[in-house]
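Should a chain be cited, it is by its letter among A, B, C and D, assigned in written order, with residues numbered from 1 in that chain.
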Amino acid sequence: MCIEQRKAHEECGVFGIFSNEKSDTARTVYYALYALQHRGQESSGIAVGDRSEKRLVYHKDLGLVGDVFSPERLASMRGDMAIGHVRYASKEQNTRENAQPFSINYNKGTVSLAFNGTILNLDELKSSLQKQGAVFQTTGDAEVIAHLVAHERFRCGSIEEALALAVPQIKGTFSMLVMSPMKLIAVRDPAGIRPLCMGTMPNGSVVFASESCALQAIGAKLERDVEPGEMVVVTEDGVTSRRVGEARPALCIFEHIYIARPDSVIDGESVYEARLQAGRILAKYRPADADIVIGAPDSGVVAAIGFAEESGIPYREGLIRNRYIGRTFIQPQQGQRTQSVSIKLGAIEHNVRGRRVVLVDDSIVRGTTMAQTVNFLRDAGAAEVHVRIASPEFLWQCFYGTDIPSRDQLASVRFDKEQFLMMIGADSLEWLPLEHLGEVAKNSKVSFCDACFSGKYPIE
Amino acid sequence: MCIEQRKAHEECGVFGIFSNEKSDTARTVYYALYALQHRGQESSGIAVGDRSEKRLVYHKDLGLVGDVFSPERLASMRGDMAIGHVRYASKEQNTRENAQPFSINYNKGTVSLAFNGTILNLDELKSSLQKQGAVFQTTGDAEVIAHLVAHERFRCGSIEEALALAVPQIKGTFSMLVMSPMKLIAVRDPAGIRPLCMGTMPNGSVVFASESCALQAIGAKLERDVEPGEMVVVTEDGVTSRRVGEARPALCIFEHIYIARPDSVIDGESVYEARLQAGRILAKYRPADADIVIGAPDSGVVAAIGFAEESGIPYREGLIRNRYIGRTFIQPQQGQRTQSVSIKLGAIEHNVRGRRVVLVDDSIVRGTTMAQTVNFLRDAGAAEVHVRIASPEFLWQCFYGTDIPSRDQLASVRFDKEQFLMMIGADSLEWLPLEHLGEVAKNSKVSFCDACFSGKYPIE
Amino acid sequence: MCIEQRKAHEECGVFGIFSNEKSDTARTVYYALYALQHRGQESSGIAVGDRSEKRLVYHKDLGLVGDVFSPERLASMRGDMAIGHVRYASKEQNTRENAQPFSINYNKGTVSLAFNGTILNLDELKSSLQKQGAVFQTTGDAEVIAHLVAHERFRCGSIEEALALAVPQIKGTFSMLVMSPMKLIAVRDPAGIRPLCMGTMPNGSVVFASESCALQAIGAKLERDVEPGEMVVVTEDGVTSRRVGEARPALCIFEHIYIARPDSVIDGESVYEARLQAGRILAKYRPADADIVIGAPDSGVVAAIGFAEESGIPYREGLIRNRYIGRTFIQPQQGQRTQSVSIKLGAIEHNVRGRRVVLVDDSIVRGTTMAQTVNFLRDAGAAEVHVRIASPEFLWQCFYGTDIPSRDQLASVRFDKEQFLMMIGADSLEWLPLEHLGEVAKNSKVSFCDACFSGKYPIE
Amino acid sequence: MCIEQRKAHEECGVFGIFSNEKSDTARTVYYALYALQHRGQESSGIAVGDRSEKRLVYHKDLGLVGDVFSPERLASMRGDMAIGHVRYASKEQNTRENAQPFSINYNKGTVSLAFNGTILNLDELKSSLQKQGAVFQTTGDAEVIAHLVAHERFRCGSIEEALALAVPQIKGTFSMLVMSPMKLIAVRDPAGIRPLCMGTMPNGSVVFASESCALQAIGAKLERDVEPGEMVVVTEDGVTSRRVGEARPALCIFEHIYIARPDSVIDGESVYEARLQAGRILAKYRPADADIVIGAPDSGVVAAIGFAEESGIPYREGLIRNRYIGRTFIQPQQGQRTQSVSIKLGAIEHNVRGRRVVLVDDSIVRGTTMAQTVNFLRDAGAAEVHVRIASPEFLWQCFYGTDIPSRDQLASVRFDKEQFLMMIGADSLEWLPLEHLGEVAKNSKVSFCDACFSGKYPIE
């Protein structure tokens, strides 16, 4: 999928560290969040705990991690534990109050949370807590979890007991990090729709991250994934693990297709390899007669390389992305000839002119960007444009994190094949067949949720 | 060459438009500058002229074009001609005063200049002008040119006459755009070291740009290059051309190797094709026994694809670039294990681990970034790392635009082969042989300056 | 007291409006907060309610009201009720989270609070609420009040019932405004240490404010003060009043001496007149043999005019304040001759040179600024400097809002008269005698708290 | 004159220092500019020279001195000479390019200028210089002076010679500071319409300032005024003086009436005393039957005190100014009842209600603010309002620095007495009689320009 729809599937990113010494933990989180920024650009935050002083400080705000944290701010946040969060949010919820980590003070001390996921029974939980006197200040998920934990903690002996009681009450999917005055806890829901992994620093500090690319960034070693339904507790006495639900794994297949960074490994499978494999399978079952293969930047590039390998058609870069387009970019006005796509992308005419082109992308949501891209390639002289999508048709709404409101916005629902072809202006259009999706990430230790393609939802 | 040394060779970018109607010319320049931003990120500016009102307005400041121009500012700058500039500057000269376009008011009216180049006899020209009473307010080249033009204009009948008299006095190399109250003029010095091309908009407006990618961005058609030693004058009566010096073409070979965007075509040669070809030649004359070929992002990628094709070794992405690293990034502190390179790049371990890797880059200047990159690949499990550079050894200083102060900073000057290998920690290291450089851009209509490799300088 | 210690006694300011129509209520609050800004410069906020849509929006941040609200922000906040707050805060509590109004969502809807005061049993209340499951996110008073109200509201039929139950549990002093989905409520504690008044707009809208100067600013008429121990409830059915505690009035005497704006009238007494009267009494009981009377800007000026009138010595301006000193002012470095005071104040040498000067100020806390001011007057040529303070000696800590941590920082506690004189370098130093303090604000309908002078605290 | 028209007469401020040692000269200028900020709020700048290194650095921008200079910036500007400037500018000229000090590089080195004044023959000078090849980049006066000086310097032996030749060519009025590589020079035009004084620091450094209040701020001693037509040259050999024109003194009377700070002494006369005296004379010749005298803040206050003394009517503060109104203040919208004046000023009703008030202001330009102020006092209950203006009627345009475009905007030109009274809504309105203006500043060593009252212009 191309630049425009990028926001459709993005997700939050979490990171946590339990260090042996009071040190620059905030700085480590800062660098890790840079590596997770692709999972959320709306807000960034870090909470730092100090076990000896029983002190918690945090800072969070709207913006990228580089905008939210100054050198002075980072230097002022010292401690021996820390969690961080980058957030993607639908527009209405994109308020400073909803930024994470979310921290509270209750009768047993403090708790900070970094949460990546979706709670399906949020209203019920909220209403039930309010009936017991709870008072809410935000519209975010994390506040409800915090209340739930505090509520359970009230009647049991430890924060992990409280979490073990709270998790089964949550219908939904999440990976989260919880920092109490003396502990760092990682929890992944039984379906494990969102990834979460664990690593160690050279000095023995334990870290958790949404994706392994964050471990690499800070020089940590990937030890293993937190398993669906597992809770990992780190204290000064070491690391322990317990079950908080029976695993029924259903990792979001879009993590491999689009969301995660290609240098991450999730549940045993390389994201790069999964994308390469998707391209190969696509070429095998949905070949095209063409001169070159190009990828839609940046998300279609790896699959395009795979497609080229399998098909024997040479891979070329046909479109390059302008890296300077940012938040301050002023959109071309309606009626101006200049199309947004021609500024955001550059076509390498030398490769494209007179050629029959296979354009590989990861997915199509509304189809408008694809139409512009195909048109742009034709302007650059492409003789034919064959669109190949490295995932099955997007037919069903996602309830576990995507921002798309309803099925009637999905191009694959609105159009039949002929209309679709006409709309995007391509010579042919094919998707990776749903029946062959299982061949994509064969090294994965977990099963997948493919509800957006199949309509089979793993959680009611 | 990798991220760190990126600044070593960057150049300015210029763009100009002569429109048939008073309109959003500033907006067109704005989008074109986005496409030229890779040529300079220190300052951005636009000057707009109005032929009927004889009015000139301009705005320029330190920063990227997206930071310097607000929607209100753009909307306030209306006219039927405009020029724009993005600037790369060595640190000491990076002041707001030196930003371009540079505009003056003299006894014949106003003149605005957008200048990309280097004046070798700057001090002489300045001193000579000062002796005739000139007063300077900046340390920039453009101010000297403006004075020179104003000085000559004083004793001849037109701005183009003045330019024709001024250009021969300038020892150096430049492409520049000059906007007078009624004319837009493009000039390229006889050596034509910096590129400059010309195009037309669908409505007939004439445009000039440092690179053709800017034409594509705004929907203009590339008509031809401005030739070395040519001056093109656009007035309401049409386009005329005249010679301002005998052409002795010497296009900077680094435009193809590193500076220009791969979707640009310069003097008849596709930059993408030139890089691909450099990779192929490198593979032919300096092969490596390896499992995969990867490119140093982003400047080594195209050559890596060419190397892979010629050698038959599969191309893989081994390193990806973190696109969120920007001006606000806080560098890791000395002594922190976290290396800057591990945050800026991510290694795709799946591709690299246990493999013998060919790492292709466009050039090596100081060598420090290459050392970090090789080390980073080893950390990611590479069995062997064979560095291949898609240009000859960088041995001589460039007097025509680069920022490197002296030869003693160049790794190829400081180290013999063995030391160099040890310094960067690679298993082998080879460059594109100087004698085969001529095979790189064979479609180019002009000859090249390769002084940085050969020591043969085209201008004394 | 002079500029430096200004922060010692400042307080928050609150404002509320219940309008008959959905309109620019936020804008009205905005202007009113400008008039109350002297009561708090650390943070500013406005919450707007819409009775028909049952909607609550708010915005608050660190900074002056002019910095926190943009025209766009103001325009986006429409409704028929609103409350606002400006906050003074000790440094450690000066966080964005503690800014007010404070808004929550609980099982009966929403509640917003603007609170000016101090809760003495804050820890007890917090701990008691936490034991019942409450979860806190800030360190502010307002959050505790909100929880208390939500807690009581849970078991009674209306928000005013809940307030009536909550108020007696609070040991402390406060004036506060509470906005529920359909009501605006003003409450002043039984001691009434902080002021609160009520007015009407020409269109019949009801308004409340910490000081009457805010009513004047928006064109409202001062109707009366909210009485100590009174709760005023405004609904669409009109205004009703009820008791929430037996009045035992003890208005903070520092409101008249220093905190309030001289154009305000508090509990029937003009602040200007009270200060003028303090100057007269001071002159009567502590005369000085001098040539001119000057006031320390700005807080000593009115008392200086009163002193001049009573004594017959002419009033002159001897010191003027630089109005451009703001947050960005860079303090002179230690060792630099330039004293901060000489930049912040200017001495009118013409008035001072060779003269015996009476310098009137409202109070002395640490004494350091007074020492600098006396020294500065001597530099300007004053023959003698006789310091007269328009309030009694500051001997006891204030528990009801001041920022001074302990008695041992008070100059009057640390020094005997001789030491004090030497420290500030004056020729004589006198205070308004405590036994005559009662003559200062004789028109006031309420008694005063003078604990900081007398040590007699009205609340245990 | 009240807040609204404040800008009508403001002027620039200049400051310079020649130090014995390389030190924090920029910091000294910074503090001095704070004291001169009332003379110009549009832009601020400092240029620092280093005599041994022959180095000149400067920084200037739109904004108050506190906004333009950061601690880092100040610390980076070290040297043994410096000049500074604060600028008031009419809107169209308020560009960053026109900010001062203005610095150039010419064949004899560098020159920096800080200029306060108006050049009447600017166009002629500019045109003449352009004919000799000069090239201009700004629309400011300072650039023309710089060119003129550079031009003359070309044919004579020293910068002071060049100045001596340049000054007679300038028709106009100015006080200016010129810094060359080794000298600091102060020049005041023969009419001396703008003030300029000279002082010494305790360590012997020589300083110049537009007003003596800047000397006091930095701990310098006022030595004397630079005389009309005098040039003072400071070098390492000491201070010398020479004539650059025959003195025909005509100090702007508005400096005493309105522009200067009351703690300044100009040409031997205390500004405070001049204003006090104006109030006394006004009371003597234009008495009023009233209960209290109040001043329009802040410019009418001193005259009001003088009026009160002479008349025996008690002085009271009736209006206080809101010190938080700044650049970010959002103006009330048309049709809103809230008048701008009620937010900017507060009326002390206690003093005003039922009283017959004399309202003293320094001048009336358009009359609109005065009308609002009178209305505001009536709203606050004033029984009668008698307006007394402490200067004669403003009948003629000023060509020497004021921003008023034409006579037809002056209330005294547009209205006869009856209309004027009706327009402002006062019970009576009187000015200081022109024939008694001479009694106002009797200690002044120089004569005055009173062209705005008398129509007698000292310079053609």
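FYI, contacts are C-beta pairs under 8 Å (C-beta built on N, C-alpha and C of every residue); 3 or more make two chains touch, one makes a residue touch a chain.
Being a predicted model, the structure only gives us computed values, none of them experimental.
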{"item": "Partner chains shared by subunit C and subunit D (touch criterion as defined above)", "value": "none"}
{"item": "Chain located farthest away, centre of subunit C as origin (C-alpha)", "value": "B"}
{"item": "Between subunit A and subunit B, centroid-to-centroid distance (C-alpha), Å", "value": "36"}
{"item": "Distance between the centres, which are taken as Cα means, of subunit C and subunit A, whole angstrom", "value": "49"}
{"item": "Gap in Å, rounded to a whole number, between the CA centres of subunit C and subunit B", "value": "61"}
{"item": "Touch relationships between chains, expressed as pairs", "value": "A-B, A-C, B-D, C-D"}
{"item": "Complex interface listing, subunit D residues touching subunit C", "value": "24, 27-28, 30-31, 34-35, 37-38, 41, 64-67, 69-71, 74, 201-202, 213, 216-219, 261-263, 265, 270, 272-273, 301-302, 305, 309, 314-317, 320, 322-330, 332-333, 336-339, 342-343, 346-351, 380"}
{"item": "Residues of subunit A defined as touching subunit C within the complex", "value": "96, 103-107, 127, 130-137, 146-147, 150-151, 154"}
